[in-house]
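Chain lettering (A, B, C and D) follows the sequence in which the chains are written, and residue indices restart at 1 in each chain.
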Amino acid sequence: MQYRRLGSSGLQLSALSLGAWVTFGSQIGRSEARELVATAWDHGVNFFDNAEGYANGAAEQVMGDVIADLRLPRDGYCVSSKVFFGAAADRRPTQRGLSRKHVRDACDAALKRLRVEHLDLYFCHRPDPDTPVAETVWAMDTLIRQGKVLYWGTSEWPATLIREAAQIARTHHLHGPTMEQPEYNLLKRARVELEYAPLYAELGLGTTVWSPLASGLLTGKYTGGVPADSRLAQPELAWLKRSVLGDDGDRLTRAGRFVALAAELGVAPAPLAIAWCLTNPHVSTVLLGASRTAQLIENLQAIELLDRLDEATWRRLEAATSA
Amino acid sequence: MQYRRLGSSGLQLSALSLGAWVTFGSQIGRSEARELVATAWDHGVNFFDNAEGYANGAAEQVMGDVIADLRLPRDGYCVSSKVFFGAAADRRPTQRGLSRKHVRDACDAALKRLRVEHLDLYFCHRPDPDTPVAETVWAMDTLIRQGKVLYWGTSEWPATLIREAAQIARTHHLHGPTMEQPEYNLLKRARVELEYAPLYAELGLGTTVWSPLASGLLTGKYTGGVPADSRLAQPELAWLKRSVLGDDGDRLTRAGRFVALAAELGVAPAPLAIAWCLTNPHVSTVLLGASRTAQLIENLQAIELLDRLDEATWRRLEAATSA
Amino acid sequence: MQYRRLGSSGLQLSALSLGAWVTFGSQIGRSEARELVATAWDHGVNFFDNAEGYANGAAEQVMGDVIADLRLPRDGYCVSSKVFFGAAADRRPTQRGLSRKHVRDACDAALKRLRVEHLDLYFCHRPDPDTPVAETVWAMDTLIRQGKVLYWGTSEWPATLIREAAQIARTHHLHGPTMEQPEYNLLKRARVELEYAPLYAELGLGTTVWSPLASGLLTGKYTGGVPADSRLAQPELAWLKRSVLGDDGDRLTRAGRFVALAAELGVAPAPLAIAWCLTNPHVSTVLLGASRTAQLIENLQAIELLDRLDEATWRRLEAATSA
Amino acid sequence: MQYRRLGSSGLQLSALSLGAWVTFGSQIGRSEARELVATAWDHGVNFFDNAEGYANGAAEQVMGDVIADLRLPRDGYCVSSKVFFGAAADRRPTQRGLSRKHVRDACDAALKRLRVEHLDLYFCHRPDPDTPVAETVWAMDTLIRQGKVLYWGTSEWPATLIREAAQIARTHHLHGPTMEQPEYNLLKRARVELEYAPLYAELGLGTTVWSPLASGLLTGKYTGGVPADSRLAQPELAWLKRSVLGDDGDRLTRAGRFVALAAELGVAPAPLAIAWCLTNPHVSTVLLGASRTAQLIENLQAIELLDRLDEATWRRLEAATSA
């Protein structure tokens, strides 16, 4: 495994990490989860990513159980949670958003579900237009001073809001944001490469990127078109299909070119797509989601690919997938 | 129910909330209190207002028992307390005022009576001329950093003192006041609409207003004059009569015009008066006091009236009740 | 009892308070101590003064036992301790001075002996030339933020050091000193009346003065000269005699004039001397030391004298005792 | 024993103190350790120095056991730990360096091993180029505010980094570094005497120096050359030999001159070399390492030598050992 600093911070995360999203607490059972965490840990993964919104808290519960069960050393791994994800119709008004109340309540609840005394990373899952950035920055700082959180950050925040948060922290001598969790893959590069560009030097921002496979598109599973019996083919999921494939199907074409090139290179497309993310030095870690151990092991091979392939190959991949 | 931000803060309170004042711990028993809280909660109320001075602490004790008994989710509701209300002859000198000692002792005592680990809102019940504003601001900030309080505010403070508190907080990097709890109703509008006007934008001040019915005057219960057998008719309560009715009986006349107009509109006067308060966007929540469940349910209808009536009607109510 | 603010702070102390110095833990037993505290409390005294140095900790232990035994309400009284008093030959180097270590260790030890969770007042008993003022200010601020102390102050510090402490606090947004505990009586007026004069307005400094009877001189017990069998007559206590009487015996003469004037006024000298201290509005409270209940009760009469005598009388007392 | 302030701080350390390095938890057993600590304490030593890296934590465990066993009064002695020492191949990435995570985890682990509730001194064992100085300063300040640490400092940091840390602390109102732990002896003087020179006045920096005997060179044990059967003679320890003796053997020659001079003065070389360190007023304490009690007792005689020898003698020693 390779380890990287979380931005300019001193925290060293494994370049590949394991996310509980979609799988833990829903798609997979407790024993599969245990095997995934054990496999990741044995391969050197030291960061396990969660959110209060994943499976409505069940993801954290499973993750917490499994980590406790495996007796991983608390100072050897990092665990995260995230507070607030857009409107959740079934949640009461005080149980969403980035207010001081919810930031605190969500942290306490995550600590309990994860069965730890502090979160290593704590993210604002999305910006909350109904809470001043200052309120959230102060609330995060309080959690750090109380020892409940070590590093706080954001997920999918516009650069301008991240900068505002950092500015407030500086003015009032508070702990500012350390990292962002953006989507990043060969089909979605702008935010990480352009929008956040000034923040790396300015704030020392780290990134824990998600969706390296573009929702599976880069594995080639939709290369022959969307199968009639697949989830995306259902009329009522047209919105999801649009989001994954793009309105014009252009993303599908680009993904097809990527898969073809992978075949030409003689490597599996998934680890190749993941390895490419790591060629960006501003990526601190790439989050892997997996429902099967074999799939996780294949994806972890990205580390070897990173060393094996050369600069020219990475540029070819970028050219092939450009819009 | 409608939910509103507490000023510019991220906290979302129900537009109508339940106050323990006068009723809890004195006028009504524990089972009536239980029914009132349950009813309010079922209608979407998420803020329960208290003070150390209400029934000398008994209000908080009953409220705490009832909330625990109903097993309301701690992150789903907000509970408040208030420290200090003028001179209490039977209290020792260190047990009143806004000194660091009393702010802290009163908070600890309220937490115990309410059976919670933190207060969501904590108010300075009145200004204390014998304590520097700075001492109180620092004391409140310390409680927030210790996790005992989430938001602090004031009640019936002149705008100039609120601004002073905010200024001290800014200078020393402390948590400033978030809200005020002023009296507000059709017969008493100046403080909320004029005196505090600059503070809404300047500080993002929220308001949790009390006495929307002007001590019952706007329900029409004194429309035919003060009944000879009523409390207000007793000679020794002349001072209370003056305060409620105004020295010249003018408030009674204005209330009478309001009740007549309500009848003309075909709506009950109480929810109408409450709904009018909510037409002011700077009102974060209106505190309801009720001793009977039926009365509470009627008052909660203000939310529907707010949607049903139009701008012109609200203006007619204001014209009818103006001095 | 009369109550006064501790300087410009919001804390209201009884104008007369009870000190453990000399008596508690040494001169008197536990049952006498209990009677003294009970009597003081019944007369409205709400401040009980201690120091780690009094009877080497035993004073605090007795005071703590007695207060617990009497079940005084924690929010109704104030208790203090003091850290460091010059060199104590029998103490190890880390157990004296105003270093961060000793300030903290001494506080923890005092809390334990006094059986309370926080000290209301915590004093630096003397200046420590071997510790930077800044280190002590930061240490005191930390204790306040941790909830172990409410107000901190100094005892017998030169004005210039008190001002330095306040300046450091302002610059670094820390809690500054609230009060001083100086000696003050008709024979020793300069420090309180002249040296500290600018600090009352500038810092809102309060004072908790000690030795209102000038070590007993103003009770008249040495009026007829120092009795041959008294403590002060012993050759090896010549230094104490000098300190109490002054090198030239002038203090004895002045005290004699005071006692004569008290007789002329028909009042006991002790409460008269105490009452005079209270004519100074910058005195927040006068510490009484007593070994017998009768003596304490006599001294508590100072409050009545304060109202009964007129301005001219106080001026006569000052003239009679001036050097 | 003599006591000295830790730089300009108020903490008084014994001029000679006991370090666990090399010996505790490895070279010596628990009963020898107990005798060493007891002997040091009886001679007035009040500072016991440790690091997470000494014997991989075992040094702290033994030290903690022994101190608890001897029932030393917690406010009478100081105990330290140090976080991070270069790369430790067998430690996971989050378990080394000066990140907020490791600073905190290492402190918690040291507290547990040492069986205390706070560390009196906590050092950054080496600079960490992979963590911003600011992150470490904030992390140390948080530990002090939480009461887990009293004073923090550095070990073998370049002056420029110490100054940077102090500057960050000043700007953000945090606790800055109080002390440095550099190597210092007659053969290695530059850092303490030249590089840190401006920091003593500027920051009030204290020093807790190690290796007063230059790894044993100044005891004369290598005067006759490196014995063939000694550790340094082994080919695979050539690097250690180089480091101790210097590439050119010059250090051995200088040490030989020192030992000869000691013989001429009629004093044992070890306490003489230690005493010389104490002639520098910027040395707060000299750390002694010992595996036998007799050796410790001999070294403790340095205090007497310090008084006995005169200025001219110290200058002769310096001349004799200069390069």
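Structural remarks
Everything below uses one rule, namely that a contact is a pair of C-beta atoms (placed from the backbone, for glycine too) under 8 Å apart; a residue touches a chain by one contact, two chains touch by 3 or more.
It should be emphasised that the depicted structure is a prediction, and the values quoted were computed from it without experimental measurement.
The best fit of Cα atoms from chain A onto chain B calls for a rotation angle of 90°, in steps of 5. At the interface between chain A and chain D, under half of the residue numbers appear on both sides, which makes the contact a different-residue one. Work out the mean CA point of chain B and of chain C, and you get 44 Å between them.
Computed centre separation for the pair chain A/chain C is 62 angstrom, with centres defined by C-alpha atoms. Taken residue by residue, chain D touches two or more other chains at 145, 173, whereas all remaining positions touch fewer.
If touching chains are joined by edges, the resulting network of the protein chains shown is one closed cycle, each chain touching exactly two neighbours. Chains touching one another form the pairs A-B, A-D, B-C, C-D. Only residues 3, 5, 8-14, 46, 73-78, 120, 144-145, 147, 150-151, 173, 175, 204 of chain D touch chain C when the two sit together in their complex. Against chain A, the residues of chain D that register as touching in their complex are 92-95, 97-102, 104-106, 109, 128, 130-132, 135-136, 138, 142, 145-146, 172-174.
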